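For reference, chains read A, B, C and D in written order, and residue numbers begin at 1 within each chain.
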Amino acid sequence: MKQKLKERLDVFSDAIIAILITIMVLELPVEIHGQSVHYVQLFHAVGIYLVSFCFIANLWYQHAVIFNEAKTVPNQIVVLDLSFLFLMSLMPTFTRLMTEATTQVTVLMYGGLSLVISLLFRRIAKTIIHEKYTDKKDMRKVYNVIYGASYLESGLLYLAIMVVGYFWPRVALVLYIIMPIRS
Amino acid sequence: MKQKLKERLDVFSDAIIAILITIMVLELPVEIHGQSVHYVQLFHAVGIYLVSFCFIANLWYQHAVIFNEAKTVPNQIVVLDLSFLFLMSLMPTFTRLMTEATTQVTVLMYGGLSLVISLLFRRIAKTIIHEKYTDKKDMRKVYNVIYGASYLESGLLYLAIMVVGYFWPRVALVLYIIMPIRS
Amino acid sequence: MKQKLKERLDVFSDAIIAILITIMVLELPVEIHGQSVHYVQLFHAVGIYLVSFCFIANLWYQHAVIFNEAKTVPNQIVVLDLSFLFLMSLMPTFTRLMTEATTQVTVLMYGGLSLVISLLFRRIAKTIIHEKYTDKKDMRKVYNVIYGASYLESGLLYLAIMVVGYFWPRVALVLYIIMPIRS
Amino acid sequence: MKQKLKERLDVFSDAIIAILITIMVLELPVEIHGQSVHYVQLFHAVGIYLVSFCFIANLWYQHAVIFNEAKTVPNQIVVLDLSFLFLMSLMPTFTRLMTEATTQVTVLMYGGLSLVISLLFRRIAKTIIHEKYTDKKDMRKVYNVIYGASYLESGLLYLAIMVVGYFWPRVALVLYIIMPIRS
């Protein structure tokens, strides 16, 4: 019974993430004036879509790997996972906000949301791994699969970009875009 | 054959609930005037989205737990479950209605819908549990997993809020918001 | 390998049907003028949504039952099933068309689409059942699970309603609504 | 653990493809002026929808067949598959672009996207098949299931249509439409 609940949570979160990743396509602007299309605007939007796609696809992958470690999900994990999905579903809106009006406030808000999602995911990963493994070496191995080598850095990086964004919002925008593409 | 139908009903309802929960993000208003964003409106909408997310996520969880009890689904359950999904799919529209125009009528309508969904879900739960268990003690145990301790209260609570809403619509709005978050 | 393809076709069609059934909610009109909501229009739309929901949910159920009979899907079934999904995805648009402008043409178009979907589904059901069973008695038993007793009638009924719709479009609209609700 | 990841990637890509195929219905234009519907425009849009439906449904089928060959997915395949999904999610936008403004640029862009998706899919197919089979005869058999007999042609065909499209954009539009329907 417990295992079935875990499988349903998997399907449920995969479905939500798949929907989130595709509804962003609906927001691509296709403006046609007579026979000429507004290409600059379109490719700018495709670029932003690519960034959000990479960010969410990356989270989906890490999420799938970590939940494969778990056989059952205690109530605490269910609540954490649903909160994670809620925050993730705000991602498209915040990305659009930042790119349409690149100001101090929007850049800090986007950075803050990324950081909170990132921290929440780490707590989920930690809870699942600590329940399963007792040996420190095994834990590290799983972490490596999920984050690659750059485990600790990325949290610090988000903080660093937020500091940058406070002074130069446009520089932070470019840095945000580079981060998920690299991984 | 019967068991496969049950699995497909699970996937089908999970997919519908996942879609319902995410299409609400599309309705978040992102209005930008020059470089300033309408933040009060945006965070008000995010708050409403959070409430609907909690309500639906909670129903999904209870729904998943109760259907894990069943091995096969008789026709009666299929019909009840599809009705349940239909009413649930009206939830986002009614929430939006209530928060955009907080009047006696909209608050009573929202309360009525919540109550009907809640009662319908209880009938589904009862049908499934009574088919499986004959011992009263086992039944109570399953009920506790689904509703926590506050099994009977919540039905009465919805009725109470509806009475409040008849006289003070705005108070009821706040109460509705608190209810699903608590659980 | 063949069996896995069948399972994926199941998931794929369940997902498409689930999406079709829920995107119709997005089209519910919520117009608010100051504090008063346009209730007549809203409940009219909810009624239409209920009809389409019943129609599609009914097709999903029949579809799930018939595909549970099959263990593998030959290419012919895959093509037929995808055509079936294509026609079904036009259903919401045609329903909306008919209810917004109830004329001879729209009523006949809706009736025609329903008839074609219905005939296509029968051909899928027939192909699957004839591949599995050789005894006529077994075949009839499966047909009864899917269509109930009224197997042959409903095809004739759609034709009859179309004749009615040619002379009195509004009467046909009501008849269409009654049909899927009855089953 | 590796096998579970593969199953989740299957569900995830099936969900994304199912969503892509159905959100296009939302873009069907239903314009009503009094009691008369703009039929020419509607059926033109339904035709375009049919083309995109065939193209994506065809890719889904090939995708499902090839992934049934694989038991586990190495990281390389995950990345390739996610890129494939990203490019495919641009398909509806590019189709709409081409049909709304049939110019040299849009026709070449659509052809280019089709070609890149097609090449990317071949690379995925090749990677999976080369990992599993060592005998050349077995490989050819799998390729035949996916592409039919016309394996090599279709790549050349896309290139040929692009050359045609450079001189006569409207002819290329018709050719694009014929291609996926044939298969």
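FYI, a residue touches a chain if its C-beta (ideal position, glycine included) is under 8 Å from a C-beta of that chain, and two chains touch if they have at least 3 such contacts.
Only a predicted model underlies this, so the values are computations on that prediction, with no experimental measurement involved.
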*Indicate the whole-number Å distance between the mean C-alpha point of subunit A and the mean C-alpha point of subunit B.*
27
*Using CA atom averages as chain centres, what separation in Å is found between subunit A and subunit C?*
38
*Set of subunit D residues in contact with two or more other chains*: 11, 15, 19, 23, 26
*Looking at which chains touch which, would you call it a line, ring, star, complete or other?*
ring
*Can you identify all of the chain pairs that touch?*
A-B, A-D, B-C, C-D
*Footprint of subunit A on subunit B - complex, ascending*: 10-11, 14-15, 17-19, 21-23, 25-26, 28, 30, 32, 35-37, 39, 46, 50, 53, 57, 60-61, 64-65, 68-69
*Which of the residues in subunit C come into contact with subunit D in the complex?*
1, 4-5, 8-9, 11-12, 15-16, 19-20, 23, 26, 78, 82, 86, 89-90, 92-93, 96-97, 100-101, 103, 105-106
